[in-house]
Amino acid sequence: MAGRPFLQIPGPSIVPERVVRAMSQSLIDHRGPTFAALLREVLHGLKALFRTAEGHILLFPGSGTGGWECCIVNTLSPGDQVLGCVNGYFSDLFCRTATSHGIDVQRLEVEYGTGVPADAIEERLQRDKDHRFKAVLIVQTETSTGVTSSLAAVRKAMDAAAHPALLLADVVSSLGCTDLRFDEWKLDVALTAAQKGLMLPPGMALLAVSEKALEANRSARCARSFWDWQAVLESNADGHFPYTPATALLFGLRESLKMLSEEGLENVFYRHARLADACRKGIEAMTLKLFARDPAEYSNTLTAVSMPEGFDSDLFINHTLTLVDLPLGKGLGKVKGKLFRIGHLGSINELELLGVLGGIEMALKSFGVKLPLGAGLAAAETYLLETADKRLPL
Amino acid sequence: MAGRPFLQIPGPSIVPERVVRAMSQSLIDHRGPTFAALLREVLHGLKALFRTAEGHILLFPGSGTGGWECCIVNTLSPGDQVLGCVNGYFSDLFCRTATSHGIDVQRLEVEYGTGVPADAIEERLQRDKDHRFKAVLIVQTETSTGVTSSLAAVRKAMDAAAHPALLLADVVSSLGCTDLRFDEWKLDVALTAAQKGLMLPPGMALLAVSEKALEANRSARCARSFWDWQAVLESNADGHFPYTPATALLFGLRESLKMLSEEGLENVFYRHARLADACRKGIEAMTLKLFARDPAEYSNTLTAVSMPEGFDSDLFINHTLTLVDLPLGKGLGKVKGKLFRIGHLGSINELELLGVLGGIEMALKSFGVKLPLGAGLAAAETYLLETADKRLPL
Amino acid sequence: MAGRPFLQIPGPSIVPERVVRAMSQSLIDHRGPTFAALLREVLHGLKALFRTAEGHILLFPGSGTGGWECCIVNTLSPGDQVLGCVNGYFSDLFCRTATSHGIDVQRLEVEYGTGVPADAIEERLQRDKDHRFKAVLIVQTETSTGVTSSLAAVRKAMDAAAHPALLLADVVSSLGCTDLRFDEWKLDVALTAAQKGLMLPPGMALLAVSEKALEANRSARCARSFWDWQAVLESNADGHFPYTPATALLFGLRESLKMLSEEGLENVFYRHARLADACRKGIEAMTLKLFARDPAEYSNTLTAVSMPEGFDSDLFINHTLTLVDLPLGKGLGKVKGKLFRIGHLGSINELELLGVLGGIEMALKSFGVKLPLGAGLAAAETYLLETADKRLPL
Amino acid sequence: MAGRPFLQIPGPSIVPERVVRAMSQSLIDHRGPTFAALLREVLHGLKALFRTAEGHILLFPGSGTGGWECCIVNTLSPGDQVLGCVNGYFSDLFCRTATSHGIDVQRLEVEYGTGVPADAIEERLQRDKDHRFKAVLIVQTETSTGVTSSLAAVRKAMDAAAHPALLLADVVSSLGCTDLRFDEWKLDVALTAAQKGLMLPPGMALLAVSEKALEANRSARCARSFWDWQAVLESNADGHFPYTPATALLFGLRESLKMLSEEGLENVFYRHARLADACRKGIEAMTLKLFARDPAEYSNTLTAVSMPEGFDSDLFINHTLTLVDLPLGKGLGKVKGKLFRIGHLGSINELELLGVLGGIEMALKSFGVKLPLGAGLAAAETYLLETADKRLPL
């Protein structure tokens, strides 16, 4: 196909060429001094990204789903009870991962399209007088619905309940796109993957873990070998890993951290928020409905769009791919066929977003959805112009 | 900057990643057998692209301007008279190149924005009873105005006048974008450069030359060494060059020829024509005026847009660059400040074009030009949908 | 540093530029049709490489150590007894991985530097009248010692004992370097990683599993989620994965499989064997001793060299790195300080090997080891010339 | 072929991966502000490399042969007399280029294999009482023979003769490999190409020109357009070029200049000299003879080796390519079949050089030349160890 491909699934996104180039360097000895320096640089940069001074960073070849398993088997024991917040497909899978390892997951079911209400968590924790809940499991940005829950509010709720449970957060689709404050919010585990805000190809699970989580790790009895934190921390102290690390991804990670740092985290978040808003203005001007209910919970990373009555979103996504080579995210699990998702994360700019909105307009029109061509683009353009100074709002 | 850069000058355009990758191969011995095979493949592919069975292909590290010099010094002698068709900045420079080498250029001045009228050429040649004109110099697509002249008509005019002059054509901005038939139109030299329809980085001049041009070459007395055809043809016969060739560009050229061949030349031309039309529909819906007068002469490669009264196009281009990082082509020579040019050549797709049009809309609006946001995009989208089956028109 | 870096650890090795280029392609939707085609192609190629018609291929972002865990948790249950063959650092770790998951590992301890004797396995299995051993764990090529055990002989031994245990083989350092016949040798699991004979950057675990292993999988009760085979097989049937796959590595894998197939597996193995032999001729001519005892067990992948009496191999390796930027593999575990290891796997040619041997000679000499400079190289050159027709021996 | 290719012709050499990566960046507008900054940086770096404060740098898409033409047509007029120093194939071609443009070249013929004797130049200039010689043409490093002439001595000779001729030097194979002092030696033109010490793919001619040369340029009457200096200098002052520049090569040039600067020019020259010496020690230990006569004139860039009596070097080069995929340089012109040339320029390290020498030993042996295998390598290793501290000699 002519031109550059678009990839508007909610991660991975198109890897920036600086990162692609960084990853193409000749491999180095993963037990040598050059590698040790690379590791130090990467861990340092990740601590800044997670906003943690006291946390530890753990890296594994893997994926976000591997990050779930890594989080669970290192902090819990079979039979432990946890509170699992479920407001979408991925939070459901996070909880199922725990179940697979023998954890007793008490589910806090939340309607898809809304964030996890902190007061509901507080209420459940207040009721847990014996502190049987060893952990709260939550996803910051539900990639299946485009909803971001407030981890700050969750922390406040846990403090209000004076509950000692670990706070285990999936920040896969939020880290690098949305504000995250590991230390301030007293997270115990924040787990993510390479292919979202870090702008890398998939293939790595990354975790920040607190001292309290490390404490829990010492007594956690879930069987583990590959994912074991202690082995990694010990090896890392000597500049290497207990497994052969994904060196090329680490080269890329160094570069992407450098890019985020050069731009400035606040600017990165604002850029994401601004493009996300422009996308939503466009979608609404196309007379479509957002799947997320509460504007305060709209995600910086992706926008889930409800398919108009009478149309199947899976068929629409195939149509869009055929018409303009634009891959979009499908509705997953119980919203299959009901929504499509637009990724606007990582390295993307205004003109690319306009191209994406244009492609969606064209695809909707030719799919039979009634809409005024150009209206979505006009709305997005108008918003982008209004906010065109690109500076942070004061 | 986040996202992928746009580069909408009328060449070079963004090099497709297949070509970038091909160019990154390890260099090879430019006098060895692997190189000879590469050269054969490239020459073969270029002959197909120029649509010549009998012509010879000549490659030089250089540029389009180098191609002009190469064409002139190989076919003419100081004092020779030629008919130089001038309908824009680049055709003017082509003629000036001839003048620099002592050629007596009789200029056929044509209003900028229009193609070279074949009947005017015929008239001039008819008057030249003694056949003092050794050559006709013409540019197929004037990159400064976005106008494509009909070489087929020029050939017909020359035949009608039964004039033996060489037909020396600059096809820099047209080859690979627009139909060109070297043999059928009896061109004597067709010269181009790497960074247009061939989708390569700049750095190479490419010429197709006829037997008649080679005949002229034998008696041409312009001083030459680097550009000398005979040395290249002799070396090429042995699989190498008399100079160190730009091997990396040849790797890239092999890949871009493969891409053009895979897509099919007719499809390549139609894709260019379709996107060019969509661009113009969009521009006109923004209430702007095209600089080219005659729709039959609209270029597949670029669109020159007249700046609305009261606005300076140079300032507008700077504004567009600042606002949305979108480089456009300036007005050159006597249209400086009066127009901007949009390149839509090489490897570009619909969504990218929509992004470009969106960027231009936003830039115009914020520059103070009155226009309805979204109208240009709607017009382009409508046209693209109408022609969305992407097949060749019957 | 000037020039191209050398990386003679026993994997990863320098990634061939074809693979580097393939990996730099733009990412694609891992749930789309293009990905499904990529997956099919890769699975097909891997089956040919493993020489299996009936086995299933399973891919995970991970490492060889992840492959161990994946193998164990999918086939066994806590409390199961297995026979673990230990003849080096990595076979020891393979067994420890099983232990971590509650498996009762009965160790068959073999002297480091020798292969696993099939008759000892047969004897242990014969004694196990009740068939308490659910599996035999073995490493084909022990990366810590440069010894290759005969899996064919092990299979024969198991058949002789008529024992139903699963045969679980680590082929990390052998696949793509040494003959492997999954079906013929009735392996149940053969696990490997990306960064050895597959010539990729690290980051992927790959397994071939038999129908019998899948059968065992259904009743295996080790906790698992990420590594679960069933989820992968089901998703793969639809052309995707239950996790976000490492798409860039899959692009690279497609290319490396293509390279292996173009060269022909027999040629690939012979090339490895020939360079390995040349390396060993050179090392012996330097008056050093190989760590592996039996020439029949010499590895195609790496050569472990005993450090001469009175010298510490860790210090020597640092010296070599400082002197000529040549990273070598250290002695691991109980041979720490006693040997160094030379990787000669993947994409390496004769001149590179000579450079490596030259660097080792220079480093030894300047480290104080008495040896005649040039002797090692002469021996390697002589052998390479004797075998220079590069064809397979008849 | 497995492994990384070797390319030991005397340029181009293997491009360092840093440069390859730099060249793969997305193209930018060659008339925009980012380009202007790139140009400034590159011109600044080149001035440091040429060691000129007062000279001007001129860049053209082209080759070394283009650099010759550019030098001639900008400084001379048809009929001008020059003194052309000819001590090899390329100095001969340099002079022939001048002849092609109507220059009257008085040749100072020097035996191939020796440098240009400064006293002979002085003698010729002393005799030229009327100062009819407008210029002296000389090649610093004759790529056909591996001989470096002393430009410092030539300048001294010209000063001794108090002759006002321009000093026009081809530094194609020496710049970046060997000391060059444009200002100190009062060179008027020093011309080079991308693919030698600058470690780039071929495709660019680079010139440093003095004020005196610019003065000559104003009255020089050779016809020129593409190569015209004035147009370039005027455009460069505004941050662009009068032709479409080879932007990708400029990206690469910025990186290679950065690499040279990071290493330090003195270190770069010493590294070249040391590897060149090691190569020659190796060759002589193979009982072969160097073509260059005087050790003081041995080139840092390449070594020309006389083929032993009774053997044809062209056949030997083919044999080496077939046997070990090692391309070497052929004997050119009147030494065709009589010598082969080993390039050891640009980005190359000790282990690569040992590999090259090993390949040559093997090829010689199997070609029938009597030599003790390993002797050449031992000599090179010995020398490299003796000089292994890699620091500059005090």
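Labels for the chains are A, B, C and D, by order of writing; each one numbers its residues from 1.
Just so we're on the same page, contacts are C-beta pairs under 8 Å (C-beta built on N, C-alpha and C of every residue); 3 or more make two chains touch, one makes a residue touch a chain.
Keep in mind that what you see is a predicted model, and the values were worked out from it rather than measured.
The interface with the greater number of C-beta contacts, when A-D is set against B-D, is B-D. With centres defined by CA atoms alone, the chain at the far end from chain B is C. In whole angstrom, the spacing between the mean C-alpha positions of chain A and chain D is 54.
Between the CA-based centres of chain A and chain B the separation comes to 46 Å, rounded to the whole angstrom. Rounded to a whole number, the gap between the C-alpha centres of chain B and chain D is 35 angstrom.
In chain B, the residues that reach two or more other chains under the touch definition are 4, 14, 17, 24, 26.
Residues of chain B that touch chain A in their complex: 1-4, 6, 14, 16-17, 263, 271, 323-326, 347-356, 358-359, 361-362, 365-366, 372-375, 377-382, 384-385, 388. The residues of chain D lying in touch with chain B in their complex are 4-5, 7, 9, 11-15, 20, 23-24, 26-33, 61-66, 68-69, 73, 78, 96-97, 100-102, 193, 195, 201-204, 222-226, 228, 242-249, 321, 327, 330. Interface residues of chain B, counted against chain C in their complex, comprise 17, 21, 24-26.
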